[in-house]
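Pasting a structure here, questions to come.
Chain nomenclature is as follows: A, B and C, assigned in order of appearance, with residue numbering initiated at 1 for each chain independently.
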Amino acid sequence: MIFQVLPQELLDLLRVLEFWDHILIGLAKTMWLYVWALLFGFFLGLLLALLRHYGGRILSRIATGYVEIVRGTPLLIQLLFIYFLPFSINSFLDAQGLPFIPIGRWSIYVTSELFGRTMTMVFLDHITLMGILTLSLNSAAYQAEYLRGAVMSISSGQLEAAQSIGMSRRSGILHIVLPQALRRVIPSWSNEAAYLPKYTVVVFYIGLTELFAQAHYIISETFLTLSVYIVVALIFLVIITLISKSLDILYKRTAIPGL
Amino acid sequence: MSNTPNIQTIFFYILSEGLFATLALTALGLLIGFAIGLLLALMRVYGPTEIGWFASGYEKIFRGIPVLVLIFIFSFGIPGLFSYLEPLERPIAGVILALGLRSGAYQSQIFRGAILSVNPGQMEAARAIGMNGFQSFRHIVFPQALRLAVPSWSNEYAVVIKDSSFAYGVGIVEMTRVAFDIAANFPVLMPLSMAIVAILYLIFTYPVTKLFGERQTKKLKDFGMGGG
Amino acid sequence: MEKNVLNVVDVWKAYDELEVLKGVSFELAKREVKVIFGPSGSGKSTLLRCINMLTPPDKGEIYLSGQNLIAPGVDLNAMRAKIGMVFQHFNLFSHLKAIDNVSVGLRRVKGFTKEDARAKALDALHQVKMAEWAEHYPAQLSGGQQQRVGIARALAMKPDLILFDEPTSALDPELIGEVLQVMLEIAKAGTTMVVVTHEMGFARAVASEMIFLDQGVVIERGTPEHFFVSPETERVKHFLRQINILYGHHEELLKEFNED
C-alpha cells in the first residue's frame, strides 16, 4: 500500500539503489584511479615546478613546454592518444620485424561476496594502467602550476640565507624552500585535489568500468536514465565536498604563524 | 576513404568538418555562461543573503558534477527536453546547455571576484556625484571589473573549448569526433590523428591564454591600463 | 697572505652592461672590524655577495685564509660554512622556530647531533640575548629580534669572519639600538667582521679601518679618526655631512658603551 503513495521519483531512486553493488564497485574504481592520479601527478608536478624555477635553460624550457601542451589540449585527446599509442608502436615494430610490446589480457583483481552480491574489483589491467597514466600525466601539469606559484612566492632570500651557512643549493631547496612552499600551496592545491575525481569519468571512453560506466549499465537494465545520472551526480558532489572540507581542516591544523 | 590518409588530409579534414562545430559550441556555451555567471555574481555581491545562498549553491552544484555527466543528462537524460527539436539536433542543444550551465558556475566566481576587487572608493565617488546604484555599477564598477576579469576569463575560455571535446560521445561532429573517425579504420594512425587535433586545440588555446593571461595583464596595468 | 683571514684582490663585477665593482681590493686580519660605506648603488652589497661567492666576481680573486675561492674544484659550500652572513632583510627561515633557525646549519652542514646542535644554538641565542624567544617563530618576533636571531645563526657556525649587509637599514629606528648593541659586543669580543652600514657611530666605536666605496671604486680608506677628523676627498666630506644629519641619535648608546 505504501508503495502506491510514494511519488514516482522516489520509487525510481529506490530501484536504482537496488544496484548498489554496481555503484559501489564503480565508486571504488573511480577513487582508485583518483588516488593514484593525484599521487603520481603530485610528484611529477613537483618535479616540473622545480625544474621550471631552478632548472637550467634547457630543462626549464622542456618542463614549461610539457605543462603548456598538456594544459592546452583536452584530456579526452590525451587519453585516446596514449591508449592507441601501443597499437601504433606495435604496428611499426612489426613492420620492422622487431618484437612488440605485449598488450595482453592480464588483470589483477579481487572478488568478494557482500550481502549476497558478488563483486569484482580490478586493481590493475591494461586499460586501468592507461587510465591512471593519462590522468597522472594530465594532473601533473595542473599541479605543476600551483606548486610553481607557491615556490615562486618564497623569497629568494631564503635560499641565499641557506647557502650563506654552507648548505648546498639542493639542500637549501629541499629543506628550506620546499617545506614552506608545500604549506603555502595547500589552499590552491586543495582545489585540484578536490575536483580531480570529476575528471576520472573520461576513462569511460576506453572501457573502464568506473562509476559513470556502471551508470550506463544500470540505465540499460532499468531505463531510468535521469534518476541514474542524478544519483551519480550526487555521489560526485558528496565526494568532492568531503575532500574539500578535509583539506580545509588539514590546512588549519598545519598552520604556522607567518607562513 | 579507400586509401590511407596522410597528415595533410587529416589536418584539413578536421578543420573543415569539425572546427565550426567546436567553435560554435564553445561560443554559445560561453555566452550562456556569461549571462548566468554575471547574474549570479550580482546576486551574491549586491543581493540579499538568501539569494546569495542560492547563487552559492548553484555554483557548488555545477562545479561538482563532471561536465561529461552534465552533457549526458541534458542530451539524453531528460525526456521531453528539446522535444521541439529534431532528434539529431537535441544533443547539440544538450551540450550547449551543459557547457553553459557549468561555465555559469565558474564565471560567477570570476565576476564576483572581479567586482569585489574594484576599489570601493570608485563606487563611493560615483554616488557622490549623484549616480544611483545601477548607474554606478554599469558605468564605473562594471567596466573596471571586466578588465580585472580578463585573465581568469581567458582561462575559462580555454576550459570550455577543451570541454567541447566531450561532445564526441553524444554524436556531435566536432574536432575530436572527426579526428577519431578518420583513424577509426586505421588504428595505427590514431595517435597521429590525435596529435594533429591536439595541435589545433593548442592553436586556439595557447595564444589566447598567453596574451590575456596573468602576466600580460599585469604588464598592461603597469602602463596604466586595467582596473582599480 | 696566510695571516689574513680575507684577501679581496682586484674584484670586478658587472650586471649586463652596468659595471658595479671596478677593481676593489682590501685585506682583513683576524679580529679586525672593517666598515664599508658609501652612497646607495655603490656596489657594497654586491661586494659582500662576491666574498661568499653567492654571486661570483667576473674578475679578481677572493682568498679565505689563503685559499682561493675562485679556483675551480673548490667546495664552495664548505667555504661558505666558514663565512657568516647577516642580511638586511634578515632572511630567517620562516617555517622554523628561532632555535631551529640557528641549529639547522649545525645539524645539516656541520653534522652535529640534534642535542649538540640545540645546545650550541642556545648558546648563540644567549649571546644575542634571545634565548627566551627560542621557541618562537620569526613572524612572532620584531625586526630587531629577528635580526639578532640572524646574527646568532651566523655566530653558531663559528665562522672565520662574518659579513653584515646593512643589518640595521630595514629596522624601525627604535629597534636599531638593540642590534647595534649586539654587534658592538661581538666586535669587542674579537669577532672578525666586514660591515656595510651607514651607522657612523658604530664605525667610530669599533672599526679598525673604514672604506668609502662609490660607484664600484674605493675612493678613500683609513681609520675612523682619519675620516671624522680630516677626510681628504670632497665626495667623502659631502657624504659624511649628509649622514651625520641622519644618524646623530645613537651618540648616547655609544657614549655608554665607550665608558665600559
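We adopt the following convention: a contact is a pair of C-beta atoms (placed from the backbone, for glycine too) under 8 Å apart; a residue touches a chain by one contact, two chains touch by 3 or more.
Since we're looking at a predicted model, the values are computed, not measured.
Viewed as a contact network, the protein chains form an open path, each link joining two chains that touch. When the C-beta contacts at A-B and at A-C are tallied, the pair with the greater total is A-B.
Chain C has its Cα centroid 55 Å from the Cα centroid of chain B. We define each chain's centre as the mean of its Cα atoms; on that basis chain A and chain B are separated by 22 Å. One simple way to say how far apart two chains are is to compare their mean CA positions; for chain A and chain C this gives 50 Å. By the touch rule above, chain B contacts chain A in their complex via residues 60-61, 63-70, 72-73, 76-79, 158, 162-163, 165-166, 168-169, 176, 179-180, 183, 187-192, 194-195, 197-198, 201-202, 205-206, 209. Residues 155, 157-158, 160-168, 171, 175-176, 179-180, 183, 256-259 of chain A are the ones touching chain C in the complex.
For chain C in complex with chain A, the touching residues are 52, 54, 77-85, 87, 89, 91-95, 104-105, 108-110, 137-140, 153-154, 157.
Contact residues on chain A toward chain B in their complex (touch as defined above): 68-69, 71-78, 80-81, 84-85, 87-88, 91-92, 195, 198-199, 201-202, 204-205, 212, 225-226, 229-230, 232-233, 236-237, 240-241.
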